[in-house]
Each structure stands twice: as C-alpha cells, then as structure tokens.
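Shared between the two complexes below is subunit A, which pairs with subunit B and subunit C, respectively.
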Partner chain A sequence: MAGIIIEHLKYKYPGTDRLALNDISLSIEEGEFVGIIGRNESGKSSLCQAVAGLIPSFYKGAYGGKVLIGDLEVKKVPVDELCETVGIVFQNPFNQVTGAKATVYEEIAFGLENMGIPKDEMISRIDGAMELLDISRYRDRYPFDLSGGQMQRMAIAGVIAMQPRVIILDEPTSQLDPQGRDEVFQAVQNLCSQGITIILVEHNMEKIAQYSNRVILLDDGRLIDFDSPQRIFSRGDLDQYGVEAPVYTQICKRLGHKMEDTGCYPVTLEEAKTVLRQRKGG
Partner chain B sequence: MAIIELKDLHFSYTAEEEVINGMNFIIDDRSTAIIGQNGAGKTTFAKLLKGLLKPTKGEILLNGRSTKDMTVAMLAKKVGMVFQNPNDQIFKYQVLDEVMFGPLQIGMDKAAARRNAEEALESVALSGLETTNPYDLGLSVRKLVAVASILAMDTEIILFDEPTIAQDYAGKERLKEIVRKLRSQGKTVITITHDMNFVADVFERTIVFASGKKIADDDTKSVFLKKDILERAYLEQPDVMKISTELGWQESFLTIDEFVGAIKR
Partner chain C sequence: MKTISLYVDKGTILNKIAPESKIWYVIAAISIPALMGIRWAGIGMIAVSAVLLLYGKVLRRTLPFLGVSGFVLLTVLIIQGMFWWGNETPLFALGPAVFYVEGLRYALGILINIINILMSFCVLILTTKPSDMMENFVRRGFSPRFGYVFISVFQIIPQMTDTMSTITDAQRSRGMETEGSLAVRIKAFIPLIVPVIMSSLINTKERALALEVRGFNSRKKKTFLNEEVKTAADRYIQIALPVLILAAAIWRITQWLA
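Take a look at the complex of A and B:
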C-alpha cells in the first residue's frame, strides 16, 4: 500500500527562522491525484521534497513530525531506497539532468542502473517511458542539447521508468506547448488510473481543476484546506492566499452561477458549459 | 520605438535541418507575442535578434541596420532578453549587483545603474532583497530578478522568453503590469510563451511559428479564432475564448471582463 500519511510535519531550512512547513497533517489515499496550490513560497515545493524524502535527507535543517508512505517513514529510509517508492520531477528540468550521461537514453537509464534493474527489463521500461512521453526520436541526443520542453519530457520519463508507487510533479509541463502539455497530463492520469498516487504542483489552475481528485491549499507553510477542487475554488477567500480560481470558476462566480447538485461553482470547461447552458434555458 | 524587420531569415544548427526557414515580417510598436509548438524556432529567433546566433541566410534589420553589422555588445544596448532559465543569466552573489551588472556593462554610470536597478527591483516587488544571494531564492523570484536585470538596462526592445513559468497569480499580474508600462513608455515588447491566457490579456499582436515558418500574424483575437492554425501549431485558444466558442457564441472574447459583460447585456 502506498497511501501517504503526514503527521504534524514541521520544517525549517538551515539558517532560516521561518517554518517552511508549519504543522501539516493530512492523508492521501493510494491512487489519488492530488493537486497542491498556493502562492510562491507557500510551502508547495517543500512539501513535495518532504514526501520525496529530500527533506530531511538532502536539505538539512530542523525537522519535526513524520511522513509515511505505506509503512515506510521517509526520514528513516535512505533516499536511494526511497526512490523505488516515490519519484519526483523537479520544477526546473535543467536541475534534474545528471550531467553524467551522453545520451537521452542513458540519462533515463541512470535511475534504473542505480536500482540494479536487470538489463532486459531496463530496456523495456526505458522504451516504454520514451514512447509514453513521445521522445523516442531523441534517444541518442545529448541531454543538454534538448529544448526546455524536450528536457521536461525526458525528466518525467526518467521518473516513470523507475515505476515508483508515488509520483510527485512540480510544475511538470511549464515549458511544453499546450498540446504537449495535455499529452503529458493524459499520460500522468493514465498512471494514476493504474493505481499510482500522483501529487502535482501547478500554477495552471484549469489543469489542477481538470485532473485532481482533491486539492491541498497551502499558505505560509500552513495547510489551509484539503478538499475537492469544486469546494476549494468556491472559497470566497482565495485572494487572501494569492490564488486565482480557474477562468471558468471566475466567470461563474461573477455571474453567481453555481452547480445545482453540489452548490459549488464550476471548475472545468465542461462544468461551466453545463451551468451556463442551464442558465440560458438550455 | 524600434522597428525590427526580418528579411528572408534562415538559420540552422545542423546541415540537415533549418530551424528558421525563410521568415519575413516587421515588428512594430504593438506588443507582440510569438507562440508555437516546442521546436518551432521561437527561442532561436530570440537569440538571432539578440545577436547570440548569426543568420545562415537573410538578415534582421534593427531600425534599418543589419544586425550582421553589429556586435553582441552593440546589440546589448538595444535588445534586452529575459532568458527562459534564469540560471543562464544570473551569476552574481547579490541581487543588486546582478541587476546593476547589465547597465554597467552597456556603459551606464554607477549612479544611474543603481537608480535603474532599484527602480527595476521595485517594479517586480523585490525591493528589500538587494543583498540576498540570487541562488538562495526560489525559481519564481529568481526569474523576477532576471526580469529586473533587463528592465534596468532600459533598452529599446525587451524580449521575454517564457516569463510566466513558475509565477503565481501575483507574479503574473506584475508581469502584465510591466508589459503595459513598457508599452506606454514606447518600448518594443516581445514575448515568447506557451501561456495563452497571458497573451490574451496583454498582447496586441500575435505571430504563430510552426517548423521555422510564420504561419499566422494578426491582432491577437483574430489569431486565436483561426482554429486550424492553432491545431497545426499545437496550440489552443485562451480559456475564455474556449468557453464562448464551445457555447456557440458568434462573438468571441479574450478576457473574463469581456465575456461576463456580454452575458449580462
């Protein structure tokens, strides 16, 4: 089982006085697709790094509380073992490339080599991940010769190939064109439907609303809310947390049009279309 | 106001593939967004304009003068470019030094450089971080440091490559304000972006690139109404336009204000 339980998590980066994560407790079911939103510096990336174990293994500082993935307590498991359970795609793909490998293929293989995966299985996993992210044609390219978008796909492929039970994506498609972005989100949603838990940080609220089962709202390191996208984006105080609702929600809020079944505002294009058609008398 | 003219512009990194394949257009005083699929040639165009790459054929004229006849240092006084990845741009240990570096390099005196740097930091809401090491800042703030570094140079042309990446609501609103302000100051503002809502909100003109060619060039609303072009370039309409289109409205809208206003009419 790879559900996630976070209990009273507190964290301060070395040399700082402020709690980057301030007493966060929540639980995520296995196979859930969870979005994390909040203004910059609200704790989104820190929370991701704490679930991935990089806090406190790599980023030192003051740490309290615990993060459990299934029955593993992340701070007690070495990162090289933890990466078989949880994978993270960094916000800036340039930071994810090892710099030690000459080709895209070798770069994707890097994590698998470290895990000691047999060669035949490695080949099959790498080919599958490259196909899923549509980067097979770049297999022999030097990683740093890729564009930002291509590099972002390579970084995601490298994590997917490791087949972790939890995948954390920190603004994974920021450098992709809109259609490429949708392809990646579809691929991630497919992984989620196979039972992999997905945690996504994203400033594109339309995508958060479209794909997430539940949304974590953070501010100043604190957990403000953890609920369905409809309930989160219907809150009247989002401005206070530096968050803008999806365009569709903003339109319906301005018109005062809520969904009849939930009493919330629409958050996706489909929901907004339904509500606006009803209000126009079909 | 600077006039940029592309004349049969070609560029290739390798002998096999042209990344810019015979482009002709003029960038005038309208704020201009360049959009297109990954690999369409957008960033390559930016580097050609900045003089970091040289055309393999054709030329770019800047106020009538070919950039081929200008050094990178000469172009630096005319064209400021905010890189997609701020780590490609930032190297000083203090934010203020970083933001003053560009102005000093193009020959501004120290007092003017400092004044411009402080004003630029204020416009991106980073006053107070002058002595911070840029590498202690998160990606979003580091990107704003990169923006301030270019604003401080006070160039005629400012080119933003994917400025909204990693920006939250406040950061995006700040960038929109900066674009409007630069435009009102008579600067030539160009952005390369995949953020269609950002384009819809502040850019007057939009040019679509696909496979190294210009395939559309018009006022922003007209471009986003060309669904076949958008599909060809792997793009999509801004979210407000998507909903008005899907609801079958004859009229189309770029902003929430326009759409809500029309519904209430």
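Take a look at the complex of A and C:
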C-alpha cells in the first residue's frame, strides 16, 4: 500500500524561527491525485519535500511528527532508498539535468543505473517513459540542447522510469507552453489511472480543478482545508489565502449557480456547462 | 543552454578507443621519459602525441592550451637560464642579463616535461566523451562522486558565464556602468559577482537535490545502460603500454646496476 499518512508534521528550516510546516495531519489514499494550493511561502514545496524525505534528511532543521508512505516512515529511510517509492520533479528543469550523460536516452537511464536495474528492463522502462512524455524524437539529443519544456519532460521521464508508487510534481509545468502543459497533465493523469499516487503543486487552478481528486489548501505552513476541488473552490474566503478559484467557478459564483447534487460551485468547464444547461432547462 | 565541452567527435578511431586505453597512454607518456631520464624520450613522446592529435583531427585545438602555458614556460626559461644554481658557462647576454648553457638546458628539460604532460592529456580530453570517462571510473570501482567532480568542471564554467551575462544585462538596465575605466569596472565588480556566486550556490543545491532523489548516493551495485566497448586495439594498447612502462623501469634499474 502506498497511501500517505501525515501526523502532526511540524518543520522549521535551520536558522529560522518560523514554522514552515505547522502541525499538519492528513491522509492520502493510494492512487489519489492530490493538488496543493496556497500563496507563496505557504509551505507547498516544504510539504512536498517532507513527503519525498528531503526534509529533514537534506535540509536538516527542527522536525516533529511523522510521514508514513505505506509501511515506511519517511524520516527513517535514506533518500537514496526512498526514491524507489517516491519520485519528485522540481520547478527548474535545467537544474535537474545531471550533466553526467551525453544523450536524453542516457539521462533518463541515470536513476535506473543507480538503482541497479538490469539493462533489458532499463531499456523497456526508458522507452515507455519517453513514449508517455512524447520525447522519443529527442532520444539522441544532448540534454542541455533541449528547450525548457522539453527538458522538463525529460526530467519527468527520468522519475517515471524509476516507477515510484508516489510521484510529487512541484510546479512542473511552469516553464512549458500550453500544449506541453496539457501533454504533461495528460501523462500524469495516465500514471494516476495506473494506481500511482500523484501530488501536484500548481498555480493554474483550472488544471488543479480538472485533474485533482482532492485539494490541499495551505497558508503560513498550516493546513486550512483538504477536500474535493468543488468544496475547496466554493469557499468564500479563498482571497484571504491568496488563491483565485478557476474562472468557471468565479462565473458561476457571480451567477449564483451551484451544482444540484453537491451544493458546490462547478470547477471545470464540463461541470459549468451542466449547471448552465440545468438552469436553462429549468 | 549550451555547455562547454573540450571533447570533439571527429569520428576517428581515437574517439572509439576506450577511455581506459587513453588513460594508460597518459601514464605511459609521463612515466616512460621520467623512468628513462633521457630528454629524447620526452621529445619522442611529444612527437607521438602530436601525431595522435593530428590523426584525431584535434591538433589545432591543442594550440590554445600551449598558448596559455606559453607564458609560464617562458618564465621558466628566463629564470632558470639566468639564475639556476649550477650556471657556469655564459651562452649569450641581453644587456645586463646573462643566460647560461646549464640553466637553459635545465629549463629545456622542464619545458619538454610540461609540453609532454599537456599534449598527452590533450589526447585523452579532446577525444573522450566526459560521460564515458565518468562511466569508466565508476566501472573500475571509483566513487561516482569522483567522476562527477570531473564532469562538473565542464558544467560550472558555462553556467557561471551565462549567469554573469544575464546579471550584467540586468544591472546595466538599471543604469549601472559596467564598462569604461578600471575604477568603473572595479566599482561594478561587487554588484555583479555577488549575485553570480549566490545563484551558483542555489543552482548547486538544486542539482544536488535532483541527484539525491535519483539515487546518486545509492549503495546498490550500479548497472550500466551502455556496454563497455573494448576494441581489439584497446586490448593491444592495454597490454603493450604497461609492458613498455615496465621495460623502461627495468632498463633504468640495469643502468643503475651497471
């Protein structure tokens, strides 16, 4: 089981007085697609790094509470072992290129070589990851010659190839064009449908609303809410947390159109269409 | 962003030869003249390196390295020629500066050694893909960190150059003068260099994180995507060069005993 349980997680970076994560408790089901939203410095990246084990093992600092992935307590497992269970993709694609490999194909193999995966399996995993991210045509290119978007897809492929049960994406599409962004979201959703747990930090609320099963709302290191996108974006106090609801939700809020079954405002285009049709029909 | 790499793929046999064979060549090129103690051996090795570099189509790329070291070599020639402790026989004079045969001979020995080392390393560096070199080190049981430090050198330079150029543009756009007299340049130095160093440290931290989460420090036995390619030439080279080194050592011992 790769469900995630976080119990009373508190964390303070070294040399600071402020809690970056303040008593966070929540539980994520296996195979769930969870979005994390909140203003800058609200603790989104810190929470991701705590789940990936980089907090506290890499950053040190004051740590309290527990993060469990299945049976593993994250704090007690070295990152080089944990990376077989949890993969993380960062915001800046350039800094994720190892620089130790001459081609995109070899770059994706880097993690697999470190994990000691046999060559045949390595090839099948790399091919699968490249196909999923639509980067097969770049296989012989020098990694640093790729554009930001291509480089980010290569970084995601490198993580996907390691077949972790949980994948964390910390603003992975911030440097991609709209088409590249959709491709990445589609690929990530495919992974989720295969039973992999996805945690995504993203400033594009439409995408968060479209893909997430549930959304974590953070502010100043505290967990404000953890619920369905419909309930989160129907909150009346989102402005207070520096979050803007998806445009469909904003329109329906102004019109006062809620969904009949949930009593929440629609968050996706499809939901908004349904609500508007119902209103028109009624 | 492009990265600076000294490696050039010219499709010659030197590009195909295993890094280990070229490392053996470097060891042989340095140790054989040192063991034999004969100046002509050093000159011979320089000639061999020059032929290899010419054959590898990278001889021209060696010239900047020789040019950079030229200043040091010239200094050695002047200082040893004038002030070496064993100087006795004047060869020529430039005004008050007298150059001696013994000092110049000694300096020539140093020159040959330096050029020999430089050119043999060029054979290795200019014809070997850095990633192949790192993989070779790891296969031979070296820590991947050792190989990565080697590779990083080729990454840091272009990354810092790129950052420096971006920061210079940003500071110029805010009205800071970065060109002109020495005083202006010195004044501009701190606001330029501090952000470069800070961003390089941040980038280094992020890359360390990215490596960490891809199992770079894993204690598992590593596997490799690429098979280790050893040509017939590699097998001969890796036998012949150690034998030549051994022969040079034996020759030197017999000279001592005689």
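One rule holds in what follows: the second predicted complex is superposed on the first by the 281 of 282 C-alpha atoms of A that agree within 3 Å, B and C clash if a C-alpha of one lies under 4 Å from a C-alpha of the other, contacts with A are read in each partner's own complex, and residues count from 1 in each chain.
Keep this in mind: contacts are C-beta pairs under 8 Å (C-beta built on N, C-alpha and C of every residue); 3 or more make two chains touch, one makes a residue touch a chain.
All values derive from a computational prediction rather than experimental measurement.
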Overlay on subunit A: subunit C relative to subunit B, clash or fit: clash
Partner chain in contact with A:N92 - subunit B first, subunit C second, else both or neither: both
Partner chain in contact with A:G116 - subunit B first, subunit C second, else both or neither: second
Touched partner set for A:D80, first subunit B, second subunit C, both or neither: second
Partner chain(s) touched by A:F144 [first = subunit B, second = subunit C, both, neither]: second
Overlapping segment of subunit C (options 43-51, 115-123 or 169-177) - the one that collides with subunit B in the superposed model: 169-177
Subunit A positions touched by subunit B in one structure and by subunit C in the second: 92, 94
Contact set on subunit A toward subunit B in their complex: 38-41, 45, 91-92, 94, 147-150, 171, 174-181, 203, 206, 242-244, 246-248, 250-251, 254-255, 269, 272-273, 276-277
Touching residues (chain side subunit B, partner subunit A) in the complex: 36-39, 43, 84-85, 87, 138-141, 162, 165-172, 194, 196-197, 233-236, 239-240, 242-243, 246-247, 256, 259-260, 263-264
Partner subunit C, residues of subunit A touching it in the complex: 52, 54, 58, 78-81, 83-84, 87-88, 90, 92, 94-96, 98-102, 105-106, 109-119, 122-123, 126, 142, 144-145, 155, 158-159, 162
Subunit C residues touching subunit A - in the complex, by the definition given at the top: 1-3, 129-132, 134, 144, 147-148, 151-152, 154-155, 203, 206-226
